[in-house]
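The data blocks that follow each hold one structure.
Each of the next two complexes has chain A plus one more chain, namely chain B in the first and chain C in the second.
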Partner chain A sequence: MTQRTAGTGVRRPDVAMAGGRGGAPKGARPGRPRRRVSGRLRRGVLPYLLLLPALCFELLVHLAPMIVGAVMSLRELTLFFIRDWSGAPWVGLRNYQVAVDFDAPLGRALLQSFLVTVAFTVLAVGLSWLLGTVAAIFMQDRFRGRGTLRAIFLVPYALPVYAAVMTWAFMFQRDTGMVNDLLVDQLHLLDERPFWLIGGNSFWALLTVVVWRSWPFAFLILMAGLQAVPRELYEAAAIDGAGVWRQVRRITLPSLRPINQVLVLVLFLWTFNDFTTPFVLFGKSAPASADLISIHIYQSSFVTWDFGAGSAMSVLLLLFLLVVTAGYLVVTSRRRTADA
Partner chain B sequence: MRRRSPMAPPAWFVWLRRVTLTVLTVFTVTPVYVMLSSSLKPLRDVQGSFQWIPSVFTLRPYVDIWHTVPLARYFVNSLIVATSATVLSVVIAIFAAYALSRYRFPGRRVFSVTVLSTQMFPGILFLLPLFLIFVNIGNATGIALYGSRGALILTYLTFSLPFSIWMLVGYLDSIPRELDEAARVDGCGPIGALLRVIVPAAVPGIVAVTVYAFMTAWGETLFASVMTNDSTRTLAVGLQGYSTQNEVFWNQVMAASLVVSVPVVAGFLLLQRYLVTGLTAGAVK
Partner chain C sequence: MHTHPLSRLRRTWAATAALIALATASAACGGGTPTGGANDAPKTLTYWASNQGATLEFDKEVLTPELAKFEQQTGIKVKLEVVPWTDLLNRILAATTSGQGPDVLNIGNTWSASLQATGGLVQFDTKTMDAVGGKARFLPSALASAGAPGKDPTAVPLYSLAYGLYYNKKHFADAGIDKPPATWEELIEDGKKLTKGDRHGLAIEGASIPENSHHAFVFGQQYGADFFDAAGKPQFDTPQAVTAVKAYVDLMARDKIAAPGNAEYSANQSLKDFATGKASMLMWQSAATSLANLGMKPDEWGVVPVPLPAQPPPGGKKVTSLVAGINIAIFKSTRNRDGALKFVKFMTSDEEQKTLNKTYKSLPPVLPAQQDPAFSTPDQQTFKQILASSAAPLPMVPQESQFETLVGGALKDLFADAAAGRPITEERVKSKLTAAQQRMGQGG
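Right after this comes the complex of A and B.
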């Protein structure tokens, strides 16, 4: 069952992401110059040769570790066995049982981290998408300073993650940071200086940073997509008396739909898997209210040196992402065909 | 081509646009301002309550950053790793994209699906096994992969590979096949056609992919924090060295952040047009 879902999950992204590129039949090309038999043979092998380097590296860095990870999750791979991990005892599914035993502290912490990540991802993706869409629509028409503004908006995306996040970490310092200075000393909105990087507020701090970093990406993609919408459509609509809001709803948003399908998925996967932002913002141990799943797994593995449990959690995470991606693509594709 | 119709947008729309874009600009720019202004502050300004304007403008932090931590070494490491990973990744991606765009062969779909789907997996999933694989290869063969720049280059090049291939396939598909045919008639082999005709025609796409690959490698933190040692440490990890047990030299952190950001941000902004073109052809078609 799981495998079947996983199968669709893997197949679908290609359909969505590569959509529209396999249109023209390129297999049989007329007018291809006549070659000798050896030439034909070479042509048969050539694409594989061209793909070989990419394939080798992908196998080494992505696929082999994935298999190794699945194997590791079935072993008791603690610090004790790390030097010679092939000697670690097999424990079957025990790592998984421990991971999903929600009555025990370890399982409860994982569940908590998972729920935080889901809530966080929904909010962050929603806000990033909203800001990106609004900005892209407002910047569709030419006006003075548009080019400069576009460059400014793209800066957060261009900055190296760690440099940007460190700046935010400085701004969120309780006593020396800009945020508290603004909220408490300048605007007098709060009486007391809150902590931002520990406790409940850390969720909102992390959300701010992630949205700040990822909305420009949404903006970039949507802006590129809007360039393909013919101006005549808007002119025709305007002549028919459609207002701005109507034009946005009837022309802009529908023509962005195929892009949105991919964009939202990509934003979801990036946010859900984000490690760097919480890692740089909070250090090795994130506060419970901002304990994203990646950092939780990192901690379970490298801080406690229990690689077996860490691998089991990673495999569970992967299965979850496959199921969500597959479900998302099935639902959105169906809606698209239904609407068309 | 982009002339706005006879019907100018209504006044409320223009005002809403001004307000919204202003708010977004403030949100976007504030951290950049904090970074810039704090990098020009003396240490006492960043230790007390926040100063919007430095009490004294000083370039001291820009001098100190090179001594507090071996920033130059981190810089060189990052440069070597990111450049090598980018060059290799782009070359490999061009070959792969050419095969996927111009040939139909068994296994083509499986390849593209497999490679693309690795993009969705969390880095944390590969980190532990890859760490163990490198350590074990090291133990078995004596080649010290773990902690070396080579291992990091290898890892980073595969990070940008899937997206680069995907974007380039889209771009190559938009280059008319007649170009290949013409090159073939002129006596080029398939590789000759790729190098002499396709690559020059695909420059915007290749630039876009190069920018993307370099940014990916330059900013990566997770693998850098696990797979490097003192001598191979990159900026992503090294920049965290400006804090001691008791205090953080925030003015130096900001100065260093700015110094490591300038090359990528400048490159990105200069080449963003290509990125939009590349995305339009590849991703957004």
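Right after this comes the complex of A and C.
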């Protein structure tokens, strides 16, 4: 999970608060005026002093690389200049112009990759959320073996990403993979062995792996959320003659709304930025139908050694995610206050 | 080259930014002699070796006694690190950015021009070259793969490799074929005879970016296509390049002598298919050790040069392989330039060249060392001949790595189409190559 928490900074809105609150010392005895002043000063400054180390680290870890990245995006930072990057010529917004010039090949490829990523993210988040919700609701009632099932459900989330995705890559192999063995040889659902790691099907292969990996997270969070819903509500509803479906719609989902708000946002950001899964599955050159934006940017900078262009694309991605996040929070919060 | 450790999976720009931050923190490099390098730490050297053996540990065991020999001769202690291929280029880039690198390092020879362009490596002008024994010691084709044409080499060759056509002797005998193919027409004919049931005539590593780009280059040379013009500008979609790439993909698409499943091979599965008898031919560079590891006995396979077209196409060259191999280079920010030169001289000495190339089953690019009888086995004779007469360096231009990625990727897509049964037409090949060229972008 390390690479999920490191990174753009958009993902960890909680870090800024991690320093905790200074908290005024209670029960300070009122003394003479001079002491009171210094005490008040101390009370005013101390929280900030305590916050300072966290703030410094936050700046260093999150903001500094972002700013450096933004500066890089304004330069022609190709392999000719990586040895002395201060010598790289300033090109103003040219890297951005190239990236968003959708009539030209580079911009068109970026747009294509962006659209694939949007479609992919919507599907992946939707499916993960749906699976997580259904599983959480079914696991709500006590029954024998519930603990075991819960643990099994969480396995994909607990496995190391790299190893898990490698295993999927093996299973998706056309001639020797388990997926085709099951679909073609065992169940006879298909006549021809399809390819999963090249060509159009790679989109569905990637979707499968990502949903497999992220639905347990949705399940975990929603399961925790459901603990907070009072059982009396269901009992009352049952007495009033509400069926299961009605209970889910009228009690469960509304109670989970604040949790869903955060969950969907977090899943969206993770999926949109996911690099490890497509990289392990497809390598440096992903098939066009599964060319997620993070891989695309990697290719545009590390593989072609054009770090200026890669940075410009990254900054654009960052801006897009910021706008979406802000818009999402405004819309969902407003609806919540309107509902309340 | 096919798997990628977690360490590389960082956010693109965050990692880049970190590299750059390192660079600003250590701006105190440079200076020294005109061609680069200072001499204020004469007693130690750091050496990054590339992974040549089966494991990193194996390489350490091979190199440690040699380094001890060097210390005995010169009193210079060499700190060794064997860097896996998946990390090597990124490590070099990071070291170039920060100026905090090794003194001496191995590089894949196809990177020579790109790394030369970064200005991070010591240039081997005549005087520097003389310090390691002089130009004449090295195989000309190998030396041509050590820097951009018309410039001083940026490294010297250390191990040489070449592509050859491996064939399964028993399969050939069983099918009544008395000699390995010398032309593509013969290869296709033989391939069709050999393709039966689960067995195919040829194994292809169809999703491997480096393999695809290497074959595209060799086919290109044979059909008169240069992927870069004389000025170093990319020209991926010339009619010759289209014909060449189509000829390669057609081995699967039209002639069907390679299994469709090959289109997703990128982890050396084709090597395994050849070793286990699922395929009868394979184009590979110095595969002896790998084949033996996979259980094949040396007398079961033969190796000959990769075929040529029966009728030489106009402008076509007699090229059957790229000059593959490893070069050894000196980092400009070294603090022991003289020691580094001594070490390069030591590593390219006749004695060391024989020992190391014997162990790694490669060929010495150092001419006197090639005379050793160990390099006169039938396999090695073939490769010696290929390197001497029909091997050409990959384009020595700064954008070489982009060429590999983009053209290699285009071929991967074409193989995917071929495997799915879509027809591979000239228009289709051209549009793929045009798209690849357009993505070369502005930078270099």
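We take it that the second predicted complex is superposed on the first by the 288 of 340 C-alpha atoms of A that agree within 3 Å, B and C clash if a C-alpha of one lies under 4 Å from a C-alpha of the other, contacts with A are read in each partner's own complex, and residues count from 1 in each chain.
Basically, a residue touches a chain if its C-beta (ideal position, glycine included) is under 8 Å from a C-beta of that chain, and two chains touch if they have at least 3 such contacts.
All of these numbers come straight from a predicted model, not from anything done at the bench.
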So, does A:294 touch the first partner chain B, the second partner chain C, both, or neither?
both
So in the superposed three-chain picture, is A:97 touching just chain B, just chain C, both, or none of them (first/second/both/neither)?
neither
Once the shared chain is lined up, is A:109 touching chain B (first), chain C (second), both, or neither of them?
second
Looking at A:53 after the superposition, I want to know if it touches chain B, chain C, both of them or none. Which is it: first, second, both, neither?
first
Classify the contacts of A:309 with the two partner chains as first (chain B alone), second (chain C alone), both, or neither.
second
Should A:220 be classified as contacting the first partner (chain B), the second (chain C), both, or neither?
first
A:259 in the overlay: touching chain B, chain C, both, or neither? Say first, second, both or neither.
first
Is the number of chain A residues in contact higher for chain B or for chain C?
B
Should A:158 be classified as contacting the first partner (chain B), the second (chain C), both, or neither?
first
Look at A:68 in the shared chain and tell me whether it touches chain B only, chain C only, both, or neither; answer first, second, both or neither.
both
On chain A, the footprints of chain B and chain C overlap at residues 64-66, 68-69, 72, 82, 85, 162, 166, 173, 175, 273, 275-276, 279-280, 294, 297-298, 301-302, 307, 310-311, 314-315
Flag every residue of chain B that touches chain A in the complex, lowest number first.
1-7, 9-10, 13, 16-17, 20-21, 24-25, 27-32, 34-35, 38, 46-50, 52, 92-93, 95-96, 98-100, 102-105, 107-109, 111-130, 132-133, 136, 154-155, 157-158, 161-162, 165-166, 169-170, 173, 177, 181, 184-185, 190, 215, 218-222, 225-226, 235-236, 239-240, 250, 253-254, 257-258, 260-261, 264-265, 268-269, 272, 275-276, 279-280, 283-285
In the complex with chain A, residue positions of chain C that touch it:
2-4, 6, 9-14, 16-18, 20-21, 23-24, 27, 90, 93, 96-97, 99, 114, 117-120, 207, 209, 259-261, 263-264, 266, 398-399, 401-402, 405, 408-409, 412-413, 415-417, 419-420, 435, 438-439, 441-444
Residue ranges of chain A in contact with chain B within the complex
9-11, 13-14, 17-18, 20-21, 26-27, 29, 31-33, 43-44, 46-48, 50-51, 53-55, 57-58, 60-66, 68-69, 72, 82, 85, 131, 134-135, 138-139, 141-142, 149-164, 166-168, 170-171, 173, 175-178, 180-181, 185, 212, 216, 220-221, 223-225, 227-228, 231, 234-235, 238-239, 243-244, 259, 262, 269, 272-273, 275-276, 279-280, 293-294, 297-298, 301-302, 307, 310-311, 314-315, 317-318, 321, 325
Complex interface listing, chain A residues touching chain C
3, 6-8, 64-66, 68-69, 72, 76, 78-80, 82-86, 94, 98, 104-106, 109, 162, 166, 173-175, 193, 195, 197-199, 273, 275-276, 279-280, 283-285, 287-288, 294, 297-311, 314-315
